[in-house]
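All chains are identified by letter, namely A, B, C, D, E and F, in their written order; residue positions are counted from 1 within each chain.
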Amino acid sequence: MTDVLTLGETMAAFRMAGPMRLGGPAHLSIAGSESTVAIGLARLGHRVSWLGVTGADEPGELVRRSLRAEGVDIALARVDAQAPTGLILFEPRVGDLTRVVYHRTGSAGSRLTADDVHPAFADGRTPRIVHVTGITCALGDGPYEAVRYAVGHARAAGSLVGLDVNHRTRLWSARQAAEALRPMLPSLDLVIASDDELAVLTDDPDPVAALLAAGVREVVVKHGAGGATSHGEHGTLHRPARRVPVVDTVGAGDAFVAGYLSGVLDGADAAARLDRAVTVGAFAVATRGDWEGLPSRDDLALLDHDPGSAVR
Amino acid sequence: MTDVLTLGETMAAFRMAGPMRLGGPAHLSIAGSESTVAIGLARLGHRVSWLGVTGADEPGELVRRSLRAEGVDIALARVDAQAPTGLILFEPRVGDLTRVVYHRTGSAGSRLTADDVHPAFADGRTPRIVHVTGITCALGDGPYEAVRYAVGHARAAGSLVGLDVNHRTRLWSARQAAEALRPMLPSLDLVIASDDELAVLTDDPDPVAALLAAGVREVVVKHGAGGATSHGEHGTLHRPARRVPVVDTVGAGDAFVAGYLSGVLDGADAAARLDRAVTVGAFAVATRGDWEGLPSRDDLALLDHDPGSAVR
Amino acid sequence: MTDVLTLGETMAAFRMAGPMRLGGPAHLSIAGSESTVAIGLARLGHRVSWLGVTGADEPGELVRRSLRAEGVDIALARVDAQAPTGLILFEPRVGDLTRVVYHRTGSAGSRLTADDVHPAFADGRTPRIVHVTGITCALGDGPYEAVRYAVGHARAAGSLVGLDVNHRTRLWSARQAAEALRPMLPSLDLVIASDDELAVLTDDPDPVAALLAAGVREVVVKHGAGGATSHGEHGTLHRPARRVPVVDTVGAGDAFVAGYLSGVLDGADAAARLDRAVTVGAFAVATRGDWEGLPSRDDLALLDHDPGSAVR
Amino acid sequence: MTDVLTLGETMAAFRMAGPMRLGGPAHLSIAGSESTVAIGLARLGHRVSWLGVTGADEPGELVRRSLRAEGVDIALARVDAQAPTGLILFEPRVGDLTRVVYHRTGSAGSRLTADDVHPAFADGRTPRIVHVTGITCALGDGPYEAVRYAVGHARAAGSLVGLDVNHRTRLWSARQAAEALRPMLPSLDLVIASDDELAVLTDDPDPVAALLAAGVREVVVKHGAGGATSHGEHGTLHRPARRVPVVDTVGAGDAFVAGYLSGVLDGADAAARLDRAVTVGAFAVATRGDWEGLPSRDDLALLDHDPGSAVR
Amino acid sequence: MTDVLTLGETMAAFRMAGPMRLGGPAHLSIAGSESTVAIGLARLGHRVSWLGVTGADEPGELVRRSLRAEGVDIALARVDAQAPTGLILFEPRVGDLTRVVYHRTGSAGSRLTADDVHPAFADGRTPRIVHVTGITCALGDGPYEAVRYAVGHARAAGSLVGLDVNHRTRLWSARQAAEALRPMLPSLDLVIASDDELAVLTDDPDPVAALLAAGVREVVVKHGAGGATSHGEHGTLHRPARRVPVVDTVGAGDAFVAGYLSGVLDGADAAARLDRAVTVGAFAVATRGDWEGLPSRDDLALLDHDPGSAVR
Amino acid sequence: MTDVLTLGETMAAFRMAGPMRLGGPAHLSIAGSESTVAIGLARLGHRVSWLGVTGADEPGELVRRSLRAEGVDIALARVDAQAPTGLILFEPRVGDLTRVVYHRTGSAGSRLTADDVHPAFADGRTPRIVHVTGITCALGDGPYEAVRYAVGHARAAGSLVGLDVNHRTRLWSARQAAEALRPMLPSLDLVIASDDELAVLTDDPDPVAALLAAGVREVVVKHGAGGATSHGEHGTLHRPARRVPVVDTVGAGDAFVAGYLSGVLDGADAAARLDRAVTVGAFAVATRGDWEGLPSRDDLALLDHDPGSAVR
């Protein structure tokens, strides 16, 4: 049985060492919001299934290989020989600001459809949690339908349904996102968003209240280095970020989600869920790569050591 | 005044250090058959103009920067903000066999049109040589029309017109290539092709004779490590390849073309043209990268040193 | 159902870029004869199960992660918190000669016992092939008993049983190897050995004949760059090595075995089995790393391309 | 028409990854105060001409190639076959303190003479700005005369003349610098200096006032992380430094100058000039290399993003 | 004559660039608390002798080579062909927290015995200082006896005897350490410890007072980024840490000790000793590697430069 | 007592990974013909003393550190604060042809004088062998006098005196070399030269006979991949080169000399001396770097292994 099902596009990712216009050394890995969440959960010992489409090419093989390595179940993933695996290029531009070039138009990942999702709920299978993001919804009609199908069936099957807004301005406008995401609100148990993303989901001046009123059971708001706040029947709970040296902030939000869902699966209360979330988020921030440094369950305690110490 | 005008697509090129499915280190540079020819010519001291389209992105900036660095004139090149610069991924697969992944569908480079070529012949400008390849013709209607325009106007203006067949099976079939390239034969002075590419240009069992009969003045056939042969009014001349350690064969054909055209510009006879061509081809083979190791005019003599020696 | 079961020790492997006494850059990966065979088979599309013990440490996590990535089933592998994962250090010493330092004494991998093998045959499970090597037998009593148990039960269950002699002089003497391996001969269907390893299995002046007489159905002898020979009811068949540039010969023998067993699983005849074996062996030789460059089924055809060409 | 003319020595620069006495990895690029200013201006879209001498060697080719790549006009630069291109070795010594080894004595760059500058003002050419530094003055009589010639003719032609004191204690003493630079004061419109460099230009206890009294129209004082102050007819204006993570401070002053002169060329007022200067200076500080990370005009806005964010 | 004698185990050290479970780039160097102290002292111009055992293997050759390079006298060191040189693997886990894997059980270094120490005191040789650490005591009976022998003879010969507690929880418990170290207290002149290590030496609620009462002449307590305090007949002196960017804190304590002992050898007073200690400690913290960045005598003044400046 | 004394200049050496004009990665080490010989001898277990001058800079510290590491005695070497340590830049240009840029004019190394050599023969010290090269003689009057002094005193003291012609056309002409070297012939016991260097020493059409007639006891001629020949009272002996993969030929001649002198010190006959010489030369050719891969005494046997095998 799967603890968590998530779906989306995972791309081959080149990370430049310096400015792209100078050429030079780069490093190839994978990137995708949902698969980062999946890896984070798998490292914490949960059973996760990632559903998406890759091309029949070596970049696709890299995606599949990396997810298998991390113990993420890709039995539901599909290989599509008609389109290439998408690419993303990361360039460290200035300070810790990263610039991104996408080569994902027409990618295999954007060919995800609701049909791909059917088997995930076939034969009475019910993941405990279904996690979706706004990114998948922005990839095209097929992926959007896939998300709708997953959310609908998950709700019907009694899975907890979570959405991370994850607004990408290069993929769609806030208005397009609003049109696509708002109709799903009634089916959502959990909404995770950055401060500035709440407006995508509601025009209400008090967005959190509006979302809770709309039936969402818990709204978790990320504030970057300012930590995070959870709103729900437990009231409002805030946790500051863990103090760590900032190495690479890309992926922090996904790591946070992995930590949060891990808390949910462990049956932790809201405070403990937030604690886990900010801890996993801190690992993402204090290590290089989107997912490479995410913690195993044993690693969680490492942040309690003195900074600058050696575990020996 | 420009010695040589060439036109085509130049991409940002990631060269993996190992198998792509394992991820890991890569190196970013640029690749494009026509720009390799242009760089080869510029290093040998000729004035070359490269005409093509790049995206308004950092990969495009890399292309422009690299060509400027090499002294290639890009005044005629255009930046198109509607499409990304194409990408090419090189993977050293086994021995010296390289595998390629393209991300060039819908690229800025494929948005080249005949309009882009107008200025090259405006105000009575006449490049001494116009060099085109089958690759550009395969990129779409626009690029094909651009090549046709260039070939037509060059012919009219009295420029020498050369075509490198450069058949790419991932871009189009031999039949499609035949349909596109054969109509240009009457306008060509020089044809350069690998042994197996001649059949693209004619169905005649003696393709060289057929091409010469069709009005081509010189047909140069490349045989890889077997050297090359020139056919023309001077009869048939063969040159063996220079004996060098094989480091990276990608780009050998383009280097060969640069050497050949350099000989033409210098007014060398067929034998000397072939000599220069196989020498520059050998530099490509015995150095890493498509164009990075191409020789300056002084460097040409280096291959006359004892192998394994140091110039000091 | 598993196609192939294999068992042994896989270590974390540091590969120096230069002489070890100068320190400097190294690269961490994994190494183990049996897991290289397993990866080779998995890349060719077979279902393989690797059985072994790793430590509860990050080097062990690297081993498990790498095997999972390659699609090797490690459900039967055990984590032993009482001992560290073994290490192997590779140093490119001179030309293509590699020097090895082991840190495997008392390693988790050497704590393998027959008990670890029980589940592989429980509940009527029968792998089609069981592959063992002399290395595992050299690691101590426990691993030796594990091999004996696997060979015995495989024979009883009707699996094909193969042994690669793989003599390691740093682990034991030829005499010790002889004492350990000869008693297993009656249970072996297939023996793979280098020319100089046959004497480990028999004192007979015609070792191949003696092995066949002893009931082994097929004896395959590897001759390095000289190719390989198969002896059996089909008579004697020789295949030369494929001509490839030599990049890194470590792991050639294991790649050869993977190719051979793949042929067996495909029901190929002896000639086709040898062909596949020398082809996979050539991939090992012409790529860097023990297993990193092994071919997928599609890749097998790559060696038929012209050397120095690009697949594009 | 050239917007800015600058002149000086640009060297090939090796940047060690670690302590020099341990040997090991290094990276080759170019370094030179005036060419960094030139690159900074070119990236911001201005037409800049760099005038200097390089050797007829590959390090010189690197200098020329890099400047051409960046769009800096080097038509006025000279190649001198009698002397080698100078070298500079950078060693990251402790924290962000860099140690420098020069190999520039007798270099081609130090063979610059006033004759080299003649063509810059021939035929009525008048750069809008002429930028010089104390470093060029310290390189020998020839370079000093070249600076004097440039400053004199620029003044006569009505160009704005700027001097960056840029005192290098390894090249000359403060007293020698004073003797060389003070006579030029009457021809200077703009003086840029660090706090501790003002004393090179005047012995007056209130150096800024003294310089303004001496006819300098604007005195800009850099305070490192403390920002910068501009003094002139607009009074005294201070700008704090932009808050960025410090990656590599070498080149900050030159970047600052590029930003400042860019403001001048854009006709910006003193406040806007300082803003541009501290912004470009911050790019230098928050990216690796002297000039590699300098901003294009579009990039200027990047520092307004939240730190740690990704532009996607 | 030797200024300082120290004894212990030095290992070959692999330092991963990223998470160990992902494999990838690493760097080989050496590590050992006592040899770091020795190198620190040698760089400051003192004559130091390091006594320990290495294997007859290339990792051992690396240890010997590195110490010779640094001018540490290894005439007393022994090569033991019966055991391998120990290994240590460093993994940068999260932020500046380092995780360590040891492969030192049964290592050559742990085969040190009192017999190895005899020659250090033979023929009336008397080092001015003998420096020992708790780590050597934890390696087994032989190393412990070696330390006892050295401490005993040093005391008798009038050398100053110093102990750095250096408690390693992976090697032994605090209780085991207490049992081993406390009996040596009467022979110690100088004790150096972190705040939390004092309890290893005494159960007294005021450990410093207790140690001084027990005859130790000086107790120096390190507080990491909080600096250090010296207690002795000069009373109590505190020095804050030098403010430097934190790059790699491993080895700070050993660098501190080197600085302190250097002060002792120079005859400096307690304040100057502490100054030198925190300065050398700051070099360790602000450079990569345990010992690679330690200062020469000239370098000591570098920390007085402005941060971010270049010495040129 | 010293077995071998040698004198010359050793430089800090940057080795580019690719073409110098592209900038990019390089590696810093040391290079110098005589110190390569010294390192080769030290690795083979002989006591060698290197005499030369380095600057008071970090490149000089690198030279001293590297020689100490290798066990070469540098007690006679001098540090000269008036001049920088020389630099040499290696660029792999095409195939295995290396191009060199020198920055050694006015270097510390060229400030060697006869005075520096006095202590080497003071107090009756007599090295068994004194080894000099033509390179040192080409560096200026001081170094030439130093060589003359060493050769003269060595002869007087009964040391064996060897000269490696080592003609460097970038340093002086063949005629200048002849004038400098020929006067030393009467003092030489051993001359080592490449085929084309013999003409530097004599105009005789049979140079070997002429040299032997002039009193040289043994003339050893290197033929690169063709091996080497020894002429002397033992007649004429030829040895082919060992067959190894060619990795980097720079330094082969010096390695050869080290092997030869090692044979002399071991009292080997001419055949065994040549055998050792071609073996050590082969190590240089089949490993990267001038001296990094030279063999220890145990390593000598490695070339007897099968190519492509692993020692484990």
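Basically, a residue touches a chain if its C-beta (ideal position, glycine included) is under 8 Å from a C-beta of that chain, and two chains touch if they have at least 3 such contacts.
A quick note: this is a predicted structure, and the numbers were derived from the prediction, not measured.
Student: Among the remaining chains, which ones contact both chain B and chain F?
Tutor: Both-contact set = C, D.
Student: Answer with same or different: of all residue numbers used at the interface between chain B and chain C, are over half used by both copies?
Tutor: different
Student: Using only Cα atoms to place each chain's centre, name the chain farthest from chain D.
Tutor: C
Student: Check C-E, B-F or E-F against A-C and flag the pair whose interface repeats it, over half of the contact pairs matching by residue number.
Tutor: E-F
Student: How much rotation, in degrees rounded to the nearest 5, is required to superimpose chain E onto chain F on the basis of Cα coordinates?
Tutor: Angle of rotation between the two copies: 180 degrees.
Student: Measuring centre to centre with CA averages, how many angstrom lie between chain B and chain D?
Tutor: 40
Student: Let me have the rounded angstrom distance from the C-alpha centre of chain A over to the C-alpha centre of chain B, please.
Tutor: 44
Student: So, what's the distance in Å between the C-alpha centres of chain D and chain C?
Tutor: 62
Student: If a residue has to touch 2 or more other chains to count, which residues of chain A qualify?
Tutor: Correct list: 19, 22, 24, 61, 65-66, 99, 102.
Student: Go through the chains and record each pair that touches.
Tutor: A-B, A-C, A-D, A-E, B-C, B-D, B-F, C-E, C-F, D-E, D-F, E-F
Student: Quick one: which bits of chain D touch chain F in the complex? Just the residue numbers, please.
Tutor: 12, 14, 16, 19-30, 57-59, 61-62, 65-66, 84, 87, 89, 91, 99, 101-103, 105-106
Student: Under the definition above, what is the set of chain A residues touching chain C in their complex?
Tutor: These residues of chain A touch chain C: 61, 65-66, 68-71, 296.
Student: Once bound in the complex, which stretches of chain E touch chain A?
Tutor: 18-19, 22, 90, 93-100, 102, 168-170, 224-225, 246, 249-250, 252, 285
Student: Spell out the residues on chain A that touch chain E in their complex, using ranges where they run on.
Tutor: Interface residues on the chain A side: 244-245, 247, 282-283, 286-289, 292-293, 295, 299, 302-303, 305-312.
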